[in-house]
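Two complexes, one shared chain (subunit A), two partners (subunit B, subunit C).
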Partner chain A sequence: MNPTVARLTLRGLLGRRRGALLLVAPALLLIVSAIAGRSNGDAHGLTVKILGQLDLGTLTPILGLVIGTGVIATEIDDGSIVYLLAKPLPRWKIVTTKLAVAIGTTWVFAAVPTLLAGLLLYGTRDGVALGYTVAVLVAGAAYSALFLLLGVVTRHAVVAGLAYALVWESLIGNFVQGARTLSVQQWGRAVAEAVAGDAAVGADVSLGAAVPLLLVVTVGASVLASVKLAGLTLAAEE
Partner chain B sequence: MATITIDKVSRWFGNVVAVNDITMSIGPGVTGLLGPNGAGKSTLIHMMSGFLAPSSGAVTLDGAPIWRNQQVYRQIGLVPERESVYDHLTGWEFVLANAELHGLPQPGAAARRALDLVEMAYAKDRRTGTYSKGMKQRVKMASALVHDPAVLLLDEPFNGMDPRQRLQLMELLRRFGADGRTVLFSSHILEEVEQLARHIEVVVAGRHAASGDFRRIRRLMTDRPHRYLVRSSDDRRLAAALIADGSTTGIEVDERERALRIEAVNFQGFTTLLPRVAREAGIRLYTVSPADESLESVFSYLVSA
Partner chain C sequence: MTQPPDARAADTGVIHDIGYRGYTGPRLGRAHATRSLFVQSLRAAYGLGRSGRSKVLPMLLLGVVTVPAVIYVAVAVYMKRDELPVEYAGYLSDLGLVVSIFLASQAPVLLSRDLRHHTVPLYFSRPITRADYVRAKFAAMACAQLLLMAVPLLVLYTGALLAGMDFGHNTGQFLDGLAAAVLYALVPTSVALVIAAATPRRGFGVAAIMGYLVVSSTVAAVVVDMRGPSPGGSDAAQWTALISPNGLVESLVNEVFDLGSGFDRRHAPGAFGAAVFALVAVAMVAGSYRLLLRRYSRV
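What follows is the complex of A and B.
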């Protein structure tokens, strides 16, 4: 961790308009949960729908995308990354620091609201609130690493990230059983299931598969991002 | 003392060759990298600052490769062409962050010194987003100087500066050069380069066109044949009077344009000759315009020289 890189990253992330944008997702989740918490329907089914589909399935990957690309892609786009790179600073240190900031921010804006929403919707029963919170913590970390990598390797990180999160995970994952094996969301569910019990969160991937895949993706993305950053090329503007 | 060596370096992007087999060495003092837009100046500076790998050849700083070698930044200060700095930071925060990223023992003192050096201390508490172009350029300079580097690379530093800022920056760079630092800046404006740099490297269309003392390069540029388009009250009589003098080598009567196309060997001689001859012959001059004064034509002459 480099405290200066962390400070610059955090200020860049929260200082611009993006800071306000990040509040939209948790606010939406909490409002929906507060309204749903008052209804007298099938509380468990409603909770699973809101926390599973809206929160874990949609808001968390979007937050991960905004934050994961926000910690580095913005600087690469506007060229200010030069000031970080023209320093005798190991590239992996820059990447791990930025990843730590991304994960921390994702947890604050996604996991904390998930816990609150879970409590509003279903209280502490069956470990549902805890389970989804764990799933969001785990998935949020993996999304951060994945989307940070995208921010380094492509100028179209947001599009690529959206394609992965919405098309692959949500759309294809919905219909094709096998696609769920390669889904950050499912890995998060698997870990949550192990922590909070089967009743709370359903997972289609076994823990034995999810944990190694999570590690490979998170560590692999960080290593690859460091290597790519060390060879970052500035486009000539002439 | 630090020297950047560019040894048989080429760089291509797909089918486009941006830098074509250039060899040069940049030592202490101020060096100007001169060339028209698109000549490959930025590509060269990107390679010298470790942000682009040469496709072939080697770019080294005192023998150490620059590409993928973060340690060179202890000695190199880079002022990039792009304006974006961290807009949400104040000038002070920005320069201080740069000092910290270098791992300097006293980043605060270093940042203060750098801001004083570029005379930006007065605006250090304003956000850089509110700075003018010249101020941004100077705060970028401060960030590049904060670790007291032996080498300073500047990509088109005078772009968008007003004359006063330009003079200030020139003074500053001159001082660094006199201190024994290696200062390299790029520009597409000859006057800018010759005001500041004793030594000039000229690149045109990716090739190394000329190298050396600015006086020699200036002479090459002004002594080339100049072409003019002239319209007068009596073109043929003017042509006859002009060709008698040694400073013109060719005159063509362009019937369609109703003008004379004149090629002069000697710029100085011709510009004093033309009005004198016209006055003596009682001919009125309507148009006198240089036909090839664009920078590109000057440079292309240099390439063939």
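What follows is the complex of A and C.
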């Protein structure tokens, strides 16, 4: 961790109007939850729909994508990363600092609203709110690491990340059972199931598979990002 | 040895005539410039005339939307069916996500890069006006989208005809599909262009467009489910499609052309609903166009 890098990253991420734009996603979730909380339908099914499909399935990957690529890809894009790389600071420290900022921001913007939305929708029953919050915490951290790596590796980080989060996890995962094994969302669900019980969150991947995969992806992505950043060449704008 | 300028003799300067001439050829004018910008932007949307790496993504997406059509035709021919296993318009809404990804990734290519590299003022220093610029870019993105959807429809149509399926039925369905494609190429595109014009950062533009399109349709889907999947009584929930450009077009097309089936069929509720949906679609396109014009009036 380097406090200066962290401060600059946070400012690049939330400075000007960008922080307000990021707030749109949690605000939307809370509004939908507040409206849904007053409707008198099947409360459990509704909560699972909103927290599972809208929050964990859509908002969390998109937030993770914007934040994960926002901490480093924008700087690589406009070339200002060279000023940071020119400083006598190990590259892996830059990566870990930026990753920590990304994870922290994702948690603030995704996990806290999830907890609030869960409490609004379903109260503290069955540990549903807790379960989905844990799932968002775990998935948010893994998404941040994964998308940070994408930001270092490719100039099309956002598109690649979207393709993974929306096409692979949602579309293909819906039809092909096996695709869910390689899904950050399902790993998050598996951990949440272990914490809050399977009455709260259902997962298609066992905990024994999810935890090693999560660790491999998160740590592996950070290491690979450090290595890639060490030999970064600034490509010209295509 | 060089001397400071004021020490040199004043009368040694000579103006050489190196043959510069004014341009006396034909001037092609504003309309031609607009057309050139349109063609260049349309090509850029598919990466033509740009580096090999920027061709990868659009061509990949074009492949992704076309391959299922080929498979459908192959299956229908192999099984000797007398009808395609999918509706033309339904095919487009099934692949709506891929089309949205194309839109989200290429709209910033057309608009954000010009803003980022400050080339917009250079365009406006030429005869081309701000309205011309917006018109050319808007038309280019809409045509790129239309092309992306027309290719798989054509594959389905020619496949169906070659397999000897009913000509009248397929032609009618194909035209419905083309009408849907035109709407898909106008309504979501106009909103996406406004978002892309608002940010000079490509990555942020991509995420913002995709975020808006996906989150709005997910919210609409959740609200529809919230009302329970009762086949008759879910008409009220169908109004939520109004917030999602893709859902709006899908509902409108399904109602107007009487397509789709199953209890999760999205449709505009009744004739009044269809009129409102059409009105909202027009308002979305016209409003976005106005916003674009306003955005570029003060670049």
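The criterion applied here is as follows: the second predicted complex is superposed on the first by the 232 of 238 C-alpha atoms of A that agree within 3 Å, B and C clash if a C-alpha of one lies under 4 Å from a C-alpha of the other, contacts with A are read in each partner's own complex, and residues count from 1 in each chain.
Here is the rule we go by: a residue touches a chain if its C-beta (ideal position, glycine included) is under 8 Å from a C-beta of that chain, and two chains touch if they have at least 3 such contacts.
A quick note: this is a predicted structure, and the numbers were derived from the prediction, not measured.
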Looking at A:Leu85 after the superposition, I want to know if it touches subunit B, subunit C, both of them or none. Which is it: first, second, both, neither?
first
If we overlay the two complexes on their shared chain A, which of subunit B and subunit C does A:Gly12 touch? Say first, second, both or neither.
first
With the two complexes superposed on chain A, say which partner A:Ala230 touches: subunit B (first), subunit C (second), both, or neither.
first
Give one of first, second, both or neither to describe whether A:Gly208 is in contact with subunit B, with subunit C, with both, or with none.
neither
Just subunit B (first), just subunit C (second), both, or neither: which does A:Gly178 touch?
neither
So the subunit A residues that subunit B and subunit C both touch are 78, 237-238
Mind listing the subunit B positions that touch subunit A in their complex?
13, 18, 37-43, 46, 49-53, 68, 70-71, 73-74, 76, 78, 80-82, 84-86, 88-89, 94, 97-98, 100-103, 143
Residue ranges of subunit A in contact with subunit B within the complex
2-5, 7-8, 11-12, 15-16, 78-80, 82-91, 230-234, 236-238
Within the complex, which stretch of subunit C touches subunit A?
50-51, 53-54, 57, 97-98, 101, 104-105, 113, 117, 201-204, 206-208, 210-211, 214-215, 218-219, 221-223, 225-228
Within the complex, subunit C is touched by subunit A residues 21, 25, 28, 32, 36, 39, 41-42, 45-46, 49-50, 53-54, 57-59, 62, 65-66, 69-70, 73-74, 77-78, 155-159, 162-163, 166-167, 171, 237-238
